[in-house]
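Structures follow.
Both complexes below contain chain A, partnered by chain B and then by chain C.
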Partner chain A sequence: MIQGARVFWVGFVLHFKNLSVSPFMMVTAAAWPLVYATLAFLMFRATHQAPSLLYAALGAAVMGIWSTTATSAGGAIQQQRWWGILELLVAAPARLILVLAPITVAIAGIGIYSIASTLLWGRLLFGVPFHVEHPLLFAIAIPAAVLSIGLLGLVLASAFVLYRSASNLSQALEYPVWLITGMLIPLSLLPGWVSPIAWSLAPTWGMRAVRRAALGGDVGTPLLLCAVLSVVYTLLAMLLLHHFERLARERATLSLT
Partner chain B sequence: MAVIEAINLRRTYRTTTGVIRRKPLEVEAVRGISFAVEQGELFGLLGPNGAGKTTTIKMLITLLLPTSGEARVLGRNVVDDAREVRKRIGYVFGGDRGLYERLSAYDNLRYFAELYGVSGKAQRLRIDEVLELVGLKGRESERVEGYSRGMRQRLHIARGILHDPEVVFLDEPTIGVDPVGARDLRQTIADLVSGGKTVLLTTHYMFEADTLCDRIAVIAKGQIVGEGTPAQLKDNVAGGRVTEIEVFGIDDSVVGRLRAIQGVTAVAVEDRDQKQLLVVQTTGERELTAPLLAELDGLEVGRVDSREPTLEDAYVSLVTSE
Partner chain C sequence: MRVWLRIFFVGGLISFRALFSWIRPSVYIPTLLLGPTTQILFFAYLGRTAHLKSDSWFVVGNAVQSASLAALFGMGFAIDGERWTQTLSAVLATPANRAALFLGRALPVLANAAVTASTGFVGGALLLGFRTPWSQVLPLALLLVLASFACTGLGMLVGAIGLRTRDVPIIANLTMAVLLIFCGVNIPLDKLPGWMSAVAEGLPMTHAIAASRRVADGASLGTVGTEMFVELGLGAAYLAVGFLLLRWFEQEGRRLGTLDRA
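Our next item is the complex of A and B:
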C-alpha cells in the first residue's frame, strides 16, 4: 500500500514536472482557459452580481482542468508510445494502474495553472473579487477535483494502451462534458435526463465542491461524491487495464514498430 | 537449470492488407525457436533485419504473448508469471527513444527505480553506483535532450540494471553509436557478465558478437539456423575460402548463376556507393576465381581478393543458405 502510494506520488511529480517544462502544455493550461473566462465574464457581467463573476471564473478554471485532461490524457499515452517509453512502463513490475494514473492525474494537475491564471485574469481585467468562504475546504476541494477528473481521464486513457488513435475519442468529449456538468450553465437549466449522466461524472462534483467552498454552501457532499467516483473510476480502470494490457501483448500494439 | 529457456516458441502477427476490401494477413515472425541460456552466460542472437530477434526478446521479457510454445526466465513462465519475471530482468534497447528528454538523467533513473521497487533509502546509492558503472557520474543533473547518442545508450543501460536484475536483455544496444562509444558500451556489457549477470544480446555487429558472446544463435526468417560458440560457428566454414569481387550493376540472375557453380556455398552482395561487393564463399577444394569471373563476363569488374573466412562469413553462410 505504502509502496503503491510512493510509486503514484513519484510518478505524479515526474510527469507534472515533465508537463510543466512543455511550452505547449503551459499555453494550453494557462492561456487557453482565459478565452473561456473572458467570454464567461462578459456574459455574467450583465447580471451585475460580483458572486456570479467568481462563479464564472471558477467555472472557466475547472473547464481548463477538464480541457487539458480531455485533450491530453489520450495523447499522453500515445506520447509515451512515441517516446518509446510505453513498453518500458508496461515491462516494469509496478502495477499498470500505478504507472498510468500519475500521468492522467498530472495532466489534470496542470489545470491548477488554469485556476491561478483565470482568477488572476478576472481580478486584473474584470475586477472579480476573490473572497473564499471556506479557505481550508477550498484548498481540499481543488486537489479532490483534480484527482477525480484525472482518474476519469485514466478510464478514458485505459483504452489508449490498445487503440493508437483513441485520443480523438477523448477530445470529442471535451465540449459535451462542459455542458452537462454545470461548469458554465447551472444543471437546473438542463433537461432532466441529463442529470444522471452529470452525476456520474467527476467534473460535476469537483465543480460543485470548488464553487461551494468559495461561495458558500455544503462542501462535504460533493467532496464525498468526488471521493466515491475516484474509487469507482480506479476500479473500472483496473479492470480495463488488465484486459487491455493482455490484448496489447497479444496484438503487439505497445510499440510503434 | 537454464536461466532463459525458449521451447518451440512461435509468434504470428495478424494484420490486414487493402483499404476498402481488407484481407487478413498473417506474418510468421518467429517459427519454432528453441534455445537455453545458462547462468552467467552472454548469449547472442544474430540475424538480419526482420529475422525475429526483437520479437523473440519481447516474448521473453513479457511484452508479447507467444502464439505457441513456451518460454521461461529463471524458471518462471513469461505468460502466466509475467510480474515475477519483470521484477528479475532488465531490458535495454538501442536508439534514441525510451527516455524523458526534458528531464534529467537523475529524474529518469529515480522514476524507474521506483517502478522497479528499489527502496527509498537504497535509491540514491544505487543510482550513484550505476552512473559510475556506465560513466555518467557528474552528468546526471543535465537534461537528457542534451545527451549524445552514446550517453543516452549508457543511460539506457543504467536504467536497465538499476534494480540489480539477474538477467539483462540487450536489444542492439550499440546501434548508431560511434566506434569509441560502442567500445565503451561493450566494456560495460562485459563488466555486467563478469559481475555475474546473465545477458542475452542481439546485435548486427559480428565483431561485437565475436568479442562478447560465449555462445551465439543465428536466426533467419524466424528460425535458428546455427548455434554454438563463435569458434564453432567459424569452424562450419573452416577450410573454405572467401572471394571478394567488386562489380558494377550486378543483378539477381547473375547472383543465381554464381550460386549454382559447384563449390560455391554462399553469395552475398553488399552495396558500396556506385558499385557492389560480391562476397562468395567456397568450399576451398578448388580454385573458383576463373569460373566466377566467367559468369561476370560483360560486367565491369574491379578489385578481386581471396581470404580466410571470418565469423561474418559464417553468419552470411548460415543466413543465405536458408
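Our next item is the complex of A and C:
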C-alpha cells in the first residue's frame, strides 16, 4: 500500500514538473482559461441578471482543469507509445494503473495554474473580489477536484487507447463537459435528461465543491461524491487497462500506433 | 500560366491531403464537424445564463467564427507540417512560383473552413431552433466564404510566423482566442471597452459576423455591402502581408541556413 502510494506520488511529481515546462501545456493551463474567464466576465458584466463575477472566475478556473485533461489525458497512453517507453511501463513490476494514473492526474494537476491565473486575472483586470467563505475546505476541494478529474482522464485514456485518434476524440469532449457540468451554466437551465449524465462526471462535483467552499453552501456532499467517483473511475480504468494489456500482449501490438 | 495553375490547384490539393492527419473521418467529424455545434451550444446557454442575447444571435456569431479553427490551423500547418515531415527545404528549394505554391495551399483550407462553419448553422437549426428564410441561405453561404477567405488571410500570417518558430499551434490558438473575444462573436461590440471594439474593426470576422446577423434576419446582401467590402479588404491585406512575410522569412532562412532550425 505504502509502496503503491510512493510510486503514484513520485510519478505525479515527475510528470507535473515535466508538464510545467511544456509551453503548449502551460498555454493550455494558464493562458487559455483566461480567454473564457474574460468572455464570461464581459458577458456577465454586460447585464444585471447574470451570476457574480467570482462565480464566473471559479467556473473558468475549473474549466482550465478540464481543458488540460481533455486536451492531453485522452492521448496520454498514446504519447508514451510515441516516446517508445510504453513497453517499459507495461513491463515494470509496478501495477500499470499506478504508473499511468500519475500521468493523467498530473495533467489535471497543472490545471492548478489555471486557478491561480484566472483568479489573479479577475482581480487585477476586472476587480473581482476574492473572498473565500471556507478557506480550509477550499484548500481541500481543489486537490479533490483535480484528483477526480484526473482519474476521469485516466478512464478516457484507457478507453481510447486502441484508437490512433484518441487525443482528438478526447479534445472533442471539452465543450460538452463544460456545458453540462455546471461550470458557468447552471444545470437548471439544461434539459432534465442531462442531469444524470452530469452527476456521473467528476467535474460536476469538483466544481460544486470548489464553488461552495468559496461562496458558501454544503461542501461535504460534493467532496464525498468526488471521492466516490474517484474510486469508480479507478476500478473502471483498471478493468479497461487489464483488457487493453491482454489484447496488446495477445496481438503483439503494444508498440504499434 | 499552365504550370502556375497546376501548382496552384494540384499542388495545393496534394499538400492539403498529405499534411493534415485530421482529414481522417475519425478526427474530422468530432473535431471540425461537431466542434462548431458544441461551441454554439455552450455559448448559447452561457448567453441564456447572462440574459444577454437570443440563441440565434449566438448561433450566427459562433458558426461564422468557427471558420477560424480550420483556417488558422490549416494555414499554420500548411507551412509547419512541411517541417514536421522534413520536406520544407525540398519545397522551398523548388523553382516553383511562390504565389502559386502558397496561395494554392490556401484554397482547400478556405473551402474546408467554409464547410466547417456551415455545420454550425446546421447544428444550430437542429438543436436550438435557429431559422432563417430559405432565400437567405445563399447570401449566408457567400458571407461564410468571405469570412473564411479573410480568416485564411490571417492564417497565412500565422503560417509565415511558422517559418520562424515551432509554436504554430500556440500562435493559432491565441489568434483564435483574440477573434473569439474581440470580434463580437459572443459579446456585442457596444458592450466591449472602447479600445477593444476599435481593435475589432481591424480584425477579420467582425464585419462578416455583423453582416451575417443582418442577412440571417432577412436583410439583402446589398444592405451589407460596406461590411462585405471591408471584410474582403481586410482578408486581402492579411493575405498580402502574410505572403510577403513568408517570402522575407524564406529568404532570411536561406541566407542564415535556419529553415529547419526554427
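One rule holds for everything that comes next: the second predicted complex is superposed on the first by the 247 of 257 C-alpha atoms of A that agree within 3 Å, B and C clash if a C-alpha of one lies under 4 Å from a C-alpha of the other, contacts with A are read in each partner's own complex, and residues count from 1 in each chain.
Note that contacts are C-beta pairs under 8 Å (C-beta built on N, C-alpha and C of every residue); 3 or more make two chains touch, one makes a residue touch a chain.
On a predicted model such as this, the values are computed, not experimentally measured, just so you know.
Of the two partner chains placed by the overlay, only chain B lies in contact with A:Arg249; chain C stays clear of it. Of the two partner chains, chain B is the only one that A:Gly11 touches; chain C does not reach it. In the superposed model, A:Val90 makes contact with chain B only, not with chain C.
Of the two partner chains placed by the overlay, only chain C lies in contact with A:Leu39; chain B stays clear of it. Note for the complex: chain C touches chain A at residues 22, 24, 26-27, 30-31, 34-35, 38-39, 41-42, 45-52, 167, 169-170, 173-174, 177, 180-181, 186-188, 191-192. Chain A contributes residues 3, 6-7, 10-11, 14, 17-18, 21-22, 82-85, 87-94, 99, 246, 249-252, 254-255, 257 to its touches with chain B in the complex. Residues 23-24, 27, 31-32, 35, 38-40, 42-47, 49-51, 163-165, 168-169, 171-172, 174-176, 178-179, 184-186, 189-190 of chain A touch chain C in their complex. Of all residues in chain B, those touching chain A in their complex are 13-14, 54, 58, 61-65, 83-84, 86-87, 91, 93, 95, 97-103, 107, 110-112, 114-117, 120, 159.
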